[in-house]
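These are the structures in question, set out in turn.
In the two complexes that follow, chain A is the common piece, with chain B as its partner first and chain C second.
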Partner chain A sequence: MDKKHCKKHYDVIVIGAGATGAGTARDCAMRGLSTLLVERFDFTAGATGRNHGLLHSGARYAVTDRESATECIKENMILRKIARHCVEETGGLFVTLPEDDLEYQKKFVESCRLSGIDAEVIDPAEALRLEPAVNPDIIGAVKVPDGAVDPFRLTTANAISARQHGADILTYHEVVDLPVSNGRVTGVELLDRHTGERLVVDASLVINAGGIWGHLIAKKVGVTINMFPAKGALLIFGHRVNNTVINRCRKPADADILVPGDTISLIGTTSSRVPFDQVDNMDVTQEEVDVLLREGVKIAPSLAYTRILRAYAGVRPLVASDDDPSGRTISRGIVCLDHATRDGLEGFITITGGKLMTYRLMAEWATDMACRKLGHTGVCRTAETPLPGSEENVGEDKPRKSHIIEMSTDQLAAQGRHGSLSSEIEYKSDTDDALVCECEEVSVGEIKYAIDKLHVNNLVNLRRRTRLGMGTCQGGLCACRAAAILGNELGKRDEALCDLASFVNERWKGMMPVAWGQTLVEAQFTSWMYEGVCGLEPCKDNIKETHQQ
Partner chain B sequence: MEYQVKNISPNNFEQCIKCTICTAYCPVLAVNPDYPGPKQAGPDGERYRLKNPEFYDKALKYCLNCKRCEVACPSNVKIGDIIQMARLDYDKKPVPLRDWTLANTDFVGSMATKMAPIVNTVLKMPIVKKAMDVTIGVDSHRQFPAYAGRTFESWMKKKAPDQSVYARQVSYFHGCYVNYNYPKLGQDFVKVMNAIGYGVRLLEKEKCCGVAKIANRLVKEAKRDAELNINSIRKAVMEGHAPVVGTSSTCIFTMRDEYPHLLGVDNSDVREDILIATAWLYRLMETEGVKLVFRPDYKARITYHTPCHMQKLGWTIYSVSLLKSIPGVDFVPIESQCCGIAGTYGFKKENYAYSQAIGKDLFEHIKEANVDFVATDCETCKWQIEMSTGVPVYNPISVIADALDVEATRRANGLV
Partner chain C sequence: MKYNSIIIGGGLSGLLAGIRLAKAGQKVAIISSGQSALHFSSGSFGLLGSVDGHSVTNPVEGIKNLPAVHPYSKVGAEKVISHAAEVKNLLSEAGLTFKGDATANHYHLTPIGRCRPAWLTLDDYATCEDLAAIKWKKVAIINFKGYLDFYPEFIADELKKKGIVSVSYTLSLPDLERLRKSSSEMRATAIAKYLKGDNLDLFATEINRVLTPDIDMVLIPAVVGLDSEKPLVDLRSKVKAPLSCVPVIPMSVGGLRCQMALRRYFESLGGVYFLGDSVSSGYMKAARMVSVETVNLAPVSLFADNFILATGSFFSHGLVAEPHKVVEPVFNLDVRVPSDRDEWFRKNLFEAQPFMEFGVDTDPQFRVKKDGKVIENVYAAGAILGGCNPLKEESGAGVATVTALEVADLILNQK
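Moving on, here comes the complex of A and B:
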């Protein structure tokens, strides 16, 4: 959307297009509130795009945090219905290693039962049959309803749904100020990060869904939220090592979850407190890589020799409860703050804490509060209404022009990524049939669809919408092709080279911590092609920073 | 324990750095846009198939299994094997009757040789060819090779000169083509071997090498034949202390590489003793002082076509060197390119046009070379080139046998 079409006044402005913000915008719009969703970078640019993609059964929290566990299993079942195309029902295992205490399993299963999680103790041999990647030395196994969820798709689907219900969306618009008048936040002042223009949009209520950055937003109006950034690092392996989620049955610790996510597998996470000034600087250290590998190999021995594509880290927005400013009782639970009652500031609420799994519930709480404050009588329907792409039987996929053999792999892959919306992808010519990203099977048709319908400004956006550049070669082959299409489609050919250079650098950033073996060869090959053969130079433009987000 | 010292994955698929050289060398992709190409069908597709077998693309059936992708790969990825394994593991459709018939060269051959004159006449009849085209999809342009009235095995047992008189022995894997269609090649091999003082013996039991069964997804049957062949070969090598040589590059390649890679049949103890006849002969000349003497009146302008599996074996040099060593030979080199037939592949109606398009350049090069005949180590390449160019094609062993001065050779090797 262009800001020219932006209304002067909205019922609600939601800040932050992570899963929670997009979900809140959707809920508000579905309940009939006029809604604007603003985001300083792209959808999922923060913690939403930097996690495990685990569809928690809640089992992981059953022993330590029953409230979170109960929320998880409920949302787990809801997401299976409303977000079918974002979820893979892989099932999960909690395995006990010889070095772990098998006694913990009893406590674990009992806690799962109390939280309403279906946890079944199975024979280790049966676990090995279910998931051959699991360490054959395990002494115990429990089956739980874990799964995988794609946070990029989930957030995009929420944003599309919000738009379908009349919400407006502005990405690359940063909230620089929250105008206050008579003890009330009256809207937001936005900075267009592409043009440098500023604009003020009024709203009856502003919802802060900025994740860890939410405390900075609150600070603009003198409100303090006691947050504790916790960094978590993960490694992405080059292909599926496992097809079932493997967790370690012990008190939650480093690197004890291996999740199959789309074409790859992810081991994570670490957990370390980071100072606030480091939340935008998420470099993965050698120590973190070592811990992830050392512990990961214990649950799936093949990680010792499987190629690693990249490493990345995200920040959990953990919140200390208001009556404990020391932060000793940090909860992973949902925190929904009405700043009118808490801080005496009207027209402003913050939704934070929680986790990807509970984004919908967080949105529901925030929207409930918004409706209460605005005197609106909408009923939440997000738990029943499927997200766009997850509806059944909507349109048929268009047959390929040239491919005579049923559905080609990239069409099936696109169906997996966009669900029923894949029927909107057009294959008008042989060119549309051609592949842009070969590793992840993304066609020209799909790229054009994403540019046209899914709020795409640059290559990183395109990656999040389609998996372009997320495969083995990390953009080596596809980045230049995609940059050309993007430049043509958006009419921004001048920026294409700069975008390309930023994208290739951003890919390298994730490869660097694991740059050995074939991953290093791959990176060298890519730089040889782009820098050596094509003469691509690093982008010196100030757009660079924006492009990387 | 050291982690991540190296990446290990089935068929080295993780070694792929996406350089795409394989795609540039694929003969199929150049003519058939429906085929995803070796990189896409191989290491790229494998990632998706590991996620979910539903991502198996039926277009993989267009792969010729020529292995030119593997020859081109700088990272040693077994691209062809990945594709063939995917076909064997994920294509669950029943094998059609036509494919079964084409694949069972042994069974069909043993039936057909019994009634060779009738079968040969019938298979040439236009109405029969048309009927096979329409009903089961064997392209009517194709002519099945004529069946011999007597198998090579039968000739060896009843008609061949006594082979036990030779002190040194070699085992011969004749293959289906020599046995059922063209015993003359086997006889040529015996002639050459005898001239240098080697007796030829058959394996205790020999079945089809299995390449056609593998190509047509008859894995169980192929594995059964492979085990039988490897046991016979093992016996010949261990007890007879002689290598097993053959005159078909595909049979030899299949037994050396496809057995362990695709069928899981271990041949590691005898693999190095399975050789193509020209490679073995060349080795004898280099290391044992064996000499070939050719007729002074032999004159021929020839070229050599490199069968894909010969390219993969890396043995073209042996056949070409032997041919060039014939004084009367005027040798015209041509580029190594796939002829397009790929065994039973080119017989299938749906593949015929691609098959011919793949071979088009090669056919032109052969015609331009203006040779008396083409030499090649593969029988199906022979059928394809003869049909598509009208130029006759012979196995290098037959060429050597034809040019050989047997008496002079025996003398040169101290046999007289």
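Moving on, here comes the complex of A and C:
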């Protein structure tokens, strides 16, 4: 959306377009509040785009945090219905290795039962049959309803839904100030990161859904939220090693979850506290890579010789309880703060804590609070109303006439990515079916659709919407093609080449910590290809999205 | 099987060394695993385009400023230049017409319209004498419908900055329309297979149809002339204005043409080219390599008096990186690599990356070392030498060919 179409005043302005912010904007808009969603970079640029993509059953929290576990399993079942095009029902296993205590399994299964999670103890041989990638030496296995969820798709779908219900969205607009008048936040002052322009938009209520950055946003109006950035690093493997989520059945620790997602598998995470001045600068260290690999190989031995595509890290927004200023009591649960009652500041609430799995519930809590404060009566319908793309059972209702596929593989891939929205991809010109990204089968038509409809300004945005450049070549071949299309469609070809250079560099950032074997070969090829053959150079003044995956 | 020399690696370096040795009457075998860096070539070869970030106009002068570890410094400036001249002759004998020479760099046009320094450029590829100016007045840029690896708009933008007007046309041919039905088939080498014979006539007619008299240059994507330069010569004779190719996203049609022409020339000189094979082990006696075994020919051993290792860098698997070390996979030779992985890389991909300079350790005569000891009859040539950043220097092809001729000479001059 262009800010020229932005209204002067909204009922609600939501800050932050992660899953929580986009979900909150959706809920507010669905309940009839006029809503603006603002984001300093792109959708999913923070923790939302930098995690496992695990559709938690809640089993992981069952022993240590039953409240979270119960929330998880409820939301898990909801997401399977409302976000089916973002979810893959892989099932999950909690396996006990010879070095782990099998006694823990009993406690684990009992805790799952109490949390309402269906956990079934199975024979290790049966587990191996279900998931051949699992370590054959396991001594115990429990089946749970884990799955995989694509956080990029999920967030985009929430944003699209918000827009369909009348919300406005501004990406690349950073909140630089929260104007306060008579003890009340009256709106936001935004900086357009592309043009450098500033604008003030008024709102009856501002909702802070900025994740770890929410701490800094609240600080602008003198409000302190006791947050602790906790860094988690993950590795992406070059293909799907496993088809079932594999967890270690032990007290949560480093690198004990292996999740399949689309064409790849992910191992994670580590956990370490980082200072606030580092939250925009998430480099994965050699030590983290080594730990992830060492522990990952114990879960699935083939990881030892599987190509690692890249490494990345995200920051969990952990929140300390308000009654413990020392910050020792960390809650992983949802934190919804009304700064009027808490800090004497009207017109401002913060929704934080929680996790990707509970984004919808977080949005519901925040919207409930917003409605209460604004005297608005609206009922939450987000638990029943499917997200755009998930309205119907795409491709499942029609019986196949024969084994011959009626769609091209890139059309099938697009359907997998966008669900029923893939019907909006127009193959207007007869060259729109040409393939741009061969690893992930992204066509010219899909790219044009993403540019038109999904708030795409640059190649990183495009990658998050379509998976372009996420495959084994890491953009080595497709990025140049996509840059040309983007430059032509947006009419900014000079920027397109700067963007191409920063995209190639951003891909390298994730490859560098794991640049050995084929990954180093790929990096050397990419360098030769872009710097050597094309003569591409990085631009100095390019907008830098510091926090990228 | 017994040879005078066995060359491991069948890319630009291995082929040039093989041709030089075979021409001198040696019985030579090349063992090639397949693809080489030539397959990803821009159609231009660089000798030395830049030193320490300063562009070099005359490589002869630039070589004098290189550090001692650089392969050129080991060869010596004068010999680099004489080898370079010989390289151009050998390429020409192989049926490859190049323009340019070692005393003055020219520039070649890239797929996005930028200019990169070059020593030799295939005759049919577009070049400019210097960065500031190109002599063309009005350029027609031709692309094929649905072809995504060539960027007329980017090229037009760059030409405009130099004051050159351009017009773009998108053409198609019936055979290419059929090719296009499969959404991943519109790639350079696939197109090149169709652009000969009648299709080439058709293409020339289509180009001529859109040409206006004021157009003094036609730029087409480099997708013509896979087996030889003949289709391009034909096309140029049929099109009514001067015509040049612009490199595209690999696979490189020009590079493949070089690879095939050099192999044909090598074989015509009596050389044996084992394609799709790789050396699995070497048998040493004292400080000499006696024989090697290959994957396909084992248990038969290949014996030779001398061996040349021209297996390339990481990209060609001449070097293989593991999490905490880099190995030379054929003979497990000594490599010059820092032990801490953090020292291998820079965070900005466009900075000079240390890993680009990794290579095997050699004595001043390019003989490789194992466990600190020189192997007396195994030489290294090309990218596996390391000691320079071929990307930043634009010296990859130069190092490959010059060191190939140098080690060939060292072998031929043995007493």
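Going forward, the second predicted complex is superposed on the first by the 527 of 549 C-alpha atoms of A that agree within 3 Å, B and C clash if a C-alpha of one lies under 4 Å from a C-alpha of the other, contacts with A are read in each partner's own complex, and residues count from 1 in each chain.
Just so we're on the same page, a residue touches a chain if its C-beta (ideal position, glycine included) is under 8 Å from a C-beta of that chain, and two chains touch if they have at least 3 such contacts.
Keep in mind that what you see is a predicted model, and the values were worked out from it rather than measured.
Colleague: Counting only touches as set out at the top, which of chain B and chain C does A:Ser408 meet: first, second, both, neither?
Modeller: Touch partners of A:Ser408: chain B and chain C.
Colleague: Looking at the overlay, what does A:Leu435 touch: chain B (first), chain C (second), both, or neither?
Modeller: both
Colleague: Which partner does A:Lys492 contact after superposing on A: first (chain B), second (chain C), both, neither?
Modeller: Touch partners of A:Lys492: none, neither chain B nor chain C.
Colleague: Of the partners chain B and chain C, which touch A:Leu477 in the superposed model: first, second, both, neither?
Modeller: Both: A:Leu477 reaches chain B and chain C.
Colleague: Have a look at where A:Lys453 lands relative to chain B and chain C in the superposition and call it first, second, both or neither.
Modeller: Neither: A:Lys453 stays clear of chain B and chain C.
Colleague: Is A:His239 touching the first partner chain B, the second partner chain C, both, or neither of them?
Modeller: A:His239 contacts chain B only, not chain C.
Colleague: Once chain A of both complexes is superposed, is A:Lys3 in touch with chain B (first), chain C (second), both, or neither?
Modeller: Neither partner.
Colleague: Contacts for A:Gly517 in the overlay, against chain B (first) and chain C (second): which applies, first, second, both or neither?
Modeller: In the superposition, A:Gly517 touches chain B and chain C alike.
Colleague: Identify the partner contact of A:Arg294: answer first if only chain B is touched, second if only chain C is, both if each is, neither if none is.
Modeller: In the superposition, A:Arg294 touches chain B alone.
Colleague: In the overlay, work out which of chain B or chain C sits against more residues of chain A.
Modeller: Counted on chain A, the partner with more touching residues turns out to be C.
Colleague: Find the residues of chain A that appear in the contact set with chain B and again in the contact set with chain C.
Modeller: Touching chain B in the first complex and chain C in the second, residues 293, 408, 430, 435, 438, 477, 516-517, 521, 525 of chain A appear in both lists.
Colleague: Mind pulling up the chain B residues that touch chain A in the complex?
Modeller: For chain B paired with chain A, touching residues are 1, 3-9, 13-20, 33-34, 36, 39-40, 43-48, 50-51, 54-55, 57-59, 75.
Colleague: Using the touch rule from the top, collect the residues of chain A that touch chain C in their complex.
Modeller: Residues 283, 286, 289-290, 293, 408, 410, 430-431, 433-436, 438, 443-444, 477, 480-481, 484-485, 487-488, 493-494, 497, 501, 504-505, 508-509, 512, 515-517, 520-521, 523-529, 531-538 of chain A touch chain C in their complex.
Colleague: Under the definition above, what is the set of chain C residues touching chain A in their complex?
Modeller: Checking each residue of chain C against chain A gives 37, 40-42, 110-112, 114-116, 145-146, 148-149, 151, 153-154, 157, 180, 183-184, 186, 247, 249-250, 252, 313-315, 317, 320-323, 341-342, 344-345, 347-350, 353, 355-356, 391, 394, 396.
Colleague: Chain B touches which residues of chain A in the complex?
Modeller: It comes out as residues 238-240, 243, 260, 262-263, 293-294, 297, 303-308, 402-406, 408-409, 412-413, 430, 435, 438-439, 441, 471-473, 476-477, 516-518, 521-522, 525.
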